[in-house]
Amino acid sequence: MKIQKEQILDYNTKGLQNHNENFDFLTNKLSKNGHKVEEIISKLSEFQVAIPSWALGAGGTRFGRFSFYGEPSRLEQKLEDVGVLHALTKTAGAVSLHIPWDIPQDYAAVKQQADALNIKFDSVNSNTFQDQKNAKESYKYGSLSNTSQAVREQAIAHNLDVINIGNKLGSKSLTVWLADGSCFPGQNNFQTAFQNTQDSLKDIYKGLPDDWKMLIEYKPYEPNFYSTVIQDWGASLMLANGCGEKAFTLVDLGHHLPNSNIEQIVSILQLKGKLGGFHFNDSKYGDDDLTVGSIKPYALFLIFNELVYGMENNPQNPDLAWMIDASHNVKDPLEDLIQSLEAIQEAFAKALLIDQDELKAAQLDNDVVKCQEILQGAYRTDVRPLIERARLNSGGVISPINAYRSLDVRNQLIKERGRNTVATGL
Amino acid sequence: MKIQKEQILDYNTKGLQNHNENFDFLTNKLSKNGHKVEEIISKLSEFQVAIPSWALGAGGTRFGRFSFYGEPSRLEQKLEDVGVLHALTKTAGAVSLHIPWDIPQDYAAVKQQADALNIKFDSVNSNTFQDQKNAKESYKYGSLSNTSQAVREQAIAHNLDVINIGNKLGSKSLTVWLADGSCFPGQNNFQTAFQNTQDSLKDIYKGLPDDWKMLIEYKPYEPNFYSTVIQDWGASLMLANGCGEKAFTLVDLGHHLPNSNIEQIVSILQLKGKLGGFHFNDSKYGDDDLTVGSIKPYALFLIFNELVYGMENNPQNPDLAWMIDASHNVKDPLEDLIQSLEAIQEAFAKALLIDQDELKAAQLDNDVVKCQEILQGAYRTDVRPLIERARLNSGGVISPINAYRSLDVRNQLIKERGRNTVATGL
Amino acid sequence: MKIQKEQILDYNTKGLQNHNENFDFLTNKLSKNGHKVEEIISKLSEFQVAIPSWALGAGGTRFGRFSFYGEPSRLEQKLEDVGVLHALTKTAGAVSLHIPWDIPQDYAAVKQQADALNIKFDSVNSNTFQDQKNAKESYKYGSLSNTSQAVREQAIAHNLDVINIGNKLGSKSLTVWLADGSCFPGQNNFQTAFQNTQDSLKDIYKGLPDDWKMLIEYKPYEPNFYSTVIQDWGASLMLANGCGEKAFTLVDLGHHLPNSNIEQIVSILQLKGKLGGFHFNDSKYGDDDLTVGSIKPYALFLIFNELVYGMENNPQNPDLAWMIDASHNVKDPLEDLIQSLEAIQEAFAKALLIDQDELKAAQLDNDVVKCQEILQGAYRTDVRPLIERARLNSGGVISPINAYRSLDVRNQLIKERGRNTVATGL
Amino acid sequence: MKIQKEQILDYNTKGLQNHNENFDFLTNKLSKNGHKVEEIISKLSEFQVAIPSWALGAGGTRFGRFSFYGEPSRLEQKLEDVGVLHALTKTAGAVSLHIPWDIPQDYAAVKQQADALNIKFDSVNSNTFQDQKNAKESYKYGSLSNTSQAVREQAIAHNLDVINIGNKLGSKSLTVWLADGSCFPGQNNFQTAFQNTQDSLKDIYKGLPDDWKMLIEYKPYEPNFYSTVIQDWGASLMLANGCGEKAFTLVDLGHHLPNSNIEQIVSILQLKGKLGGFHFNDSKYGDDDLTVGSIKPYALFLIFNELVYGMENNPQNPDLAWMIDASHNVKDPLEDLIQSLEAIQEAFAKALLIDQDELKAAQLDNDVVKCQEILQGAYRTDVRPLIERARLNSGGVISPINAYRSLDVRNQLIKERGRNTVATGL
């Protein structure tokens, strides 16, 4: 399954006049207010978000899983799926692999396929939260933090393997998410667990190529329900500082206690030059992994306000690894990802409409009402024409969900793959 | 201080062309998609939200209060303030009084003033959470739920007084918010407290005029920090059912535990014909009483989606008492209220753009992606031109915050009242 | 595997003197303070908690499952396991089956086995949250609330089957837990979903034998992450009232939003005569299903305070169905259940030490300090000798965890069953 | 009001026999199990908790305050109250002053009074969250983080004043709690606010005497309801590290988001040598400031488990400043504080009963069940006889609440001070 340029051009003809009208009207309005529309569109076009290889099939919960039809069952098919997303949206130009679920058989072939689809290999993800068949040691009681040296060594070696695999594909960062923690008071010695984790991370860090980054994720709970070793950004930052300059904190939107002010965390990490990556999703209760922007789109906009500020004002902070990390329990995974990509672009576009100078002036005046007016003024703008134009400029479609359905993509995939396939790792 | 029609007309001239362009463009687009724009504008014009008399001065926290300049210090000035809000926005055509803070001296004069400003007297609010000077009994350990009969009788008598006062002004409902509860395990017998409350409410209900409603508020915590007698909608509904047909549940957005699905509560109450009123505000942590729509505007939109549905489909549910219940710690209270009114109108307008038939069809198909597209399609629309037009049609201003500042209202108020006035009850 | 009386007697000899010393000392102290120790012990002996058939193997999370050795792989072995628990603790004299995981092949044999182990069949549980192999309709988008009549009918028929199965075994209640809800705003029409659920429950209710109860569980979220049809006790109670006198609300400790006051819910439900059952577990974040009493033992005690009060003062409320509903991710399931049973007995014993007359008097005096002293006085008492005595009186062991290990039960089970068995439903 | 030694001796005679029986029985049991009871009692006797000067009168909420009778209205009376607490409990041998509420008129006299009562001056607290009469600059929009240099300088100067006042009294640390933050998105530039705070703290740090510590408190929200500059331990630690070796993080139990694992924070801060102080209270919803141990006593025990571990194993961490920070809305403040002191001693005593070697061994075995047994074994022990003995050894009373009432302390205070006094700062 590959979407052809002709299909896209053909699809776009229908909506073009309508798009042009909307775009011209909006551009005219924005320009009058001093916005540089071309610049915004150019930034939108450049913005690329990685698709995780495990998000292309149906997800589930501990109560079960309802599978979806035509899921990709091997790496090549996963790349195909990302190719579809990228062809339509032109914002999914990267994939983030999960090892051991996605170990390539033939590296050259895989790279060639990705090149043809214009997809890069973004951060690679290790897995020390599940036991693999025939594994010598078990991660039941932790991996990098385990009290057993043999377990820690196995987990370190796995991470070094992952770096090696990623290196062959052109990845430039390793993402470490640890499930390590405890389910009951007393189970862990917090200090020992923390120090073991620090030592293990240092050992992995030693194996990191010079131009790589190590991204350390945090999460307050699940799958452990009493404590997690890297429970918040403070712990992650401490560990990153303990490793060195190439280690950074990675923020996943769903990995916070209720009511956390995530935008402030993002901002302070950028100030310190230590924000390394970002996992997008949305949630109402916990790490619900819902479609980006489906529950709290204004919070996403506020986060992008900080990210835009940081990209402009914090040269000390590196370029970020952007990824969607959602689970698709009741939607077609590809449609879900398209909706996520749209929501990200929307939040980014609106954040780019904030007049930072005006905002700064209002802040200095303590004019709280005006600060809010400025943010809400940007947020209330219907930016869809800008996103459409950015996509069109890059060769994508005006309306990706609509195009996906018009082109009957899912049925094509089912035809090619059969109905009841299951993606590796699910 | 009274805003004159001429001032409004004069102010509007500047922005009219711009408004017309935006409105025409949007109307054209919406009409093509089958929306009846005139009908939407008419609904927006009719929608009126009560301003609570205690929200016209600066609020505070237990850590202190930073006062604002030119606050209204007596009822007449409070009505003046509501008059300003209504003149500009044409959506604040009601006031909700709080007794004993706002007992009129001269009922006829007060009614005349309100009539002249086109303001109605909405629900009246009793206060049994504070001791009044020279009160015989104390509410320290509860009011309607108190174990002491004398305290309960005082609280019941006060509520009957409030009905009487409201009746003279044309109010048609009594809002009962109880702080009753406990700070420590064991302090209260839950069952006794609940039954006392039920009995007390029944006694008040007996004094309710035939065309009145009793609105029973709920809240999980604060100012009591272990238990609250009416802790949630289930408890409120039980008490309302125990009173009779004229008793209803009142929902205050800030009165919920973290992550509550408020729109579902609203929907089920309407199904049962028992949603009586609504207090608008916004919050991130608890009952923060922030400006409506300043934190979670999408959640507000989802609630309005249910309210719009209920208004169309639930004839069993009465017309609602709408009120803003916010506290203004760092903003000019009038500007804060204008921002709240705008946010309410925006959420209502967007909810009116949802195609309910299309949504129902998608729901029946279990097309979750399309359900989301429909909601987000409405939400992403920039509806400001519609709200502006609704205001213009009613004689209000295009942009209320801007007009408020252009007309220099606050400085006028300070000139008339002095800087360091304090509103009753604050 | 069956534990013999001789093994128990033999085991108890070692600790008996120590137990007697402790028991005599405590009894002496308590008696001086007016406590009727014999009565307390008798209540403790009578108190029996059902073990759910699905809690005898290792649980897992959506991130995977680490299996345990020697798990029971069929109903007979599950009953054996409950038999072990009951032999040691004498408080696990019931089992709660889950259909379709535990459909008996030979009813007579199963009943005979249970009788021999002195185990009753408590509430039976239906499952409409997973699709069974070869099922005609899917529950992906709901069961009793589904918009499709065919799906609802399948779910209703399943529940009627479950009643039938339970009836053959001597069960007297059906527990309905619905996962029904939605993952995204707009997916469900709340009112339709609620009414469908009410109608479906009524159909099931019609099939309920006269001496049966229907227990309706509620839960705010998971596995649906935006809304759940029966989201709280208010919704459950409304549905139970809609069904009739034999329908009740079931409270599961983990099924609440953060910071909920569960003891108040329990108390008010008893006041209304509508608390039907109770699922014990503990949690820190969400529905973590941890060992009872492992995180918030004082909260459990406060709940038992209400339960004890209700058992004494609310004849309108029926006897409750007690069950443990925990998941065992890192502990031997049987040891985990023993710790849960101990924690339940402890909380019950401490609640029985509260002097209800003294408490009532302090409450009437608003002597909050004394109310707390009374509760904490009971809670601070070391009641282990009382629980030990209650067990001894019934033929159990002094210290169940210790005995379980001394008797080498797990290794016996592994020997009999093999290491890598997996329980049905896991 | 001063409690005389004779009164205490006299009071103790009644309960002594009972205490001795309990103590001897418990000691015998504990000694058999290898516990060194004398050592535990000695540690309990040495443990002293500071009473904050503002906690001696009734607290309130934003909805009002119900005052208590006989409150201390000036510093001398506050010290008297602490003297009463210390005479009875022998664990309240310190007071923590709040400036400007408690500026001494006559330093020598105040010191003499404190010496006579055996009370030390613990950490002094600055106040930049309220405007003082005649203050030149306002803290409405922040203090140390304010965008205005003049405001920051006023706040810095105030902190230096506080150090100076504390120095004259013998204090050795300054506690900085900042209310600084924002109520609305956009109001603050997070990075500017953070850097201003860091710079201001550095300026204060320069004025810190060599043998002093600076304790930096954190809090997620209230009185600001969108963001707080020092929102969590990570931010506090970053600021402390930015100041230098004498700056530390202070943990207040109520200053956390729902479900935070506080014991882990405490543990990791000790590992890093950066835990400087501790504010005790309890809460169910937010910063409720309830009596210590009244809601989650097991969580308090788990925290003490970490504190005990840290005191033994983390020489890199300094001695902690212990303080109760509760608010007394419905209890006699002195009785409330006595209950808090009891709960702290209880948690400490139970934590001292944990066999750390046994625990470590079980942790290394991943014997989660045993880890829990060890913790719960200690927690289930009734340690009241140990606490009584520690008090008796130091000259205090067996049962402080009981003694306080027997000695009719509150009525004495009312006689001396009158009923309707109000403490400064309330």
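In order of appearance the chains are A, B, C and D, and numbering begins at 1 in each one.
The working rule: a residue touches a chain if its C-beta (ideal position, glycine included) is under 8 Å from a C-beta of that chain, and two chains touch if they have at least 3 such contacts.
In this text, all values refer to a predicted model and were calculated from it rather than measured experimentally.
Asker: Count the touching C-beta pairs: is A-B or B-C ahead?
Answerer: Of A-B and B-C, it is B-C that has more C-beta pairs in contact.
Asker: Note whether the interface between chain C and chain D is symmetric in residue numbering, meaning over half of all numbers used appear on both sides, and answer same or different.
Answerer: Same-residue interface.
Asker: At what distance in angstrom does the C-alpha mean of chain C lie from that of chain B?
Answerer: Going by mean C-alpha positions, chain B sits 43 Å from chain C.
Asker: If you average the CA atoms of chain A and of chain B, how far apart do the two points sit, in angstrom?
Answerer: Result: the chain centres lie 39 Å from each other.
Asker: Can you list every residue of chain A that touches 2 or more other chains, as numbers and ranges?
Answerer: 140-141, 182-185, 187, 220-221, 226, 258-259, 261, 284-285, 291, 294-295, 330-331, 366, 368, 372 - these are the residues of chain A that touch more than one other chain.
Asker: State the interface residues of chain A toward chain C in the complex, per the touch definition above.
Answerer: 59-64, 66, 129-131, 138-141, 179, 182-185, 187, 220-223, 225-226, 258, 283-286, 288, 290-291, 294-295, 327, 329-331
Asker: List the residues on chain B that touch chain C in their complex, please.
Answerer: Where chain B meets chain C, its residues are 140-141, 147, 182-192, 194-195, 220-221, 226-227, 231-235, 237-238, 257-261, 263-264, 267-268, 270-272, 302, 305-306, 309, 313-314, 359-360, 362-364, 366, 368, 371-372, 374-375.
Asker: Of all residues in chain C, which touch chain D in the complex?
Answerer: The contact residues of chain C facing chain D are 22, 25, 29, 258-259, 261, 284-285, 291, 293-299, 330-332, 335-336, 339, 346, 366, 368-369, 372-373, 376, 379-382, 384, 401.
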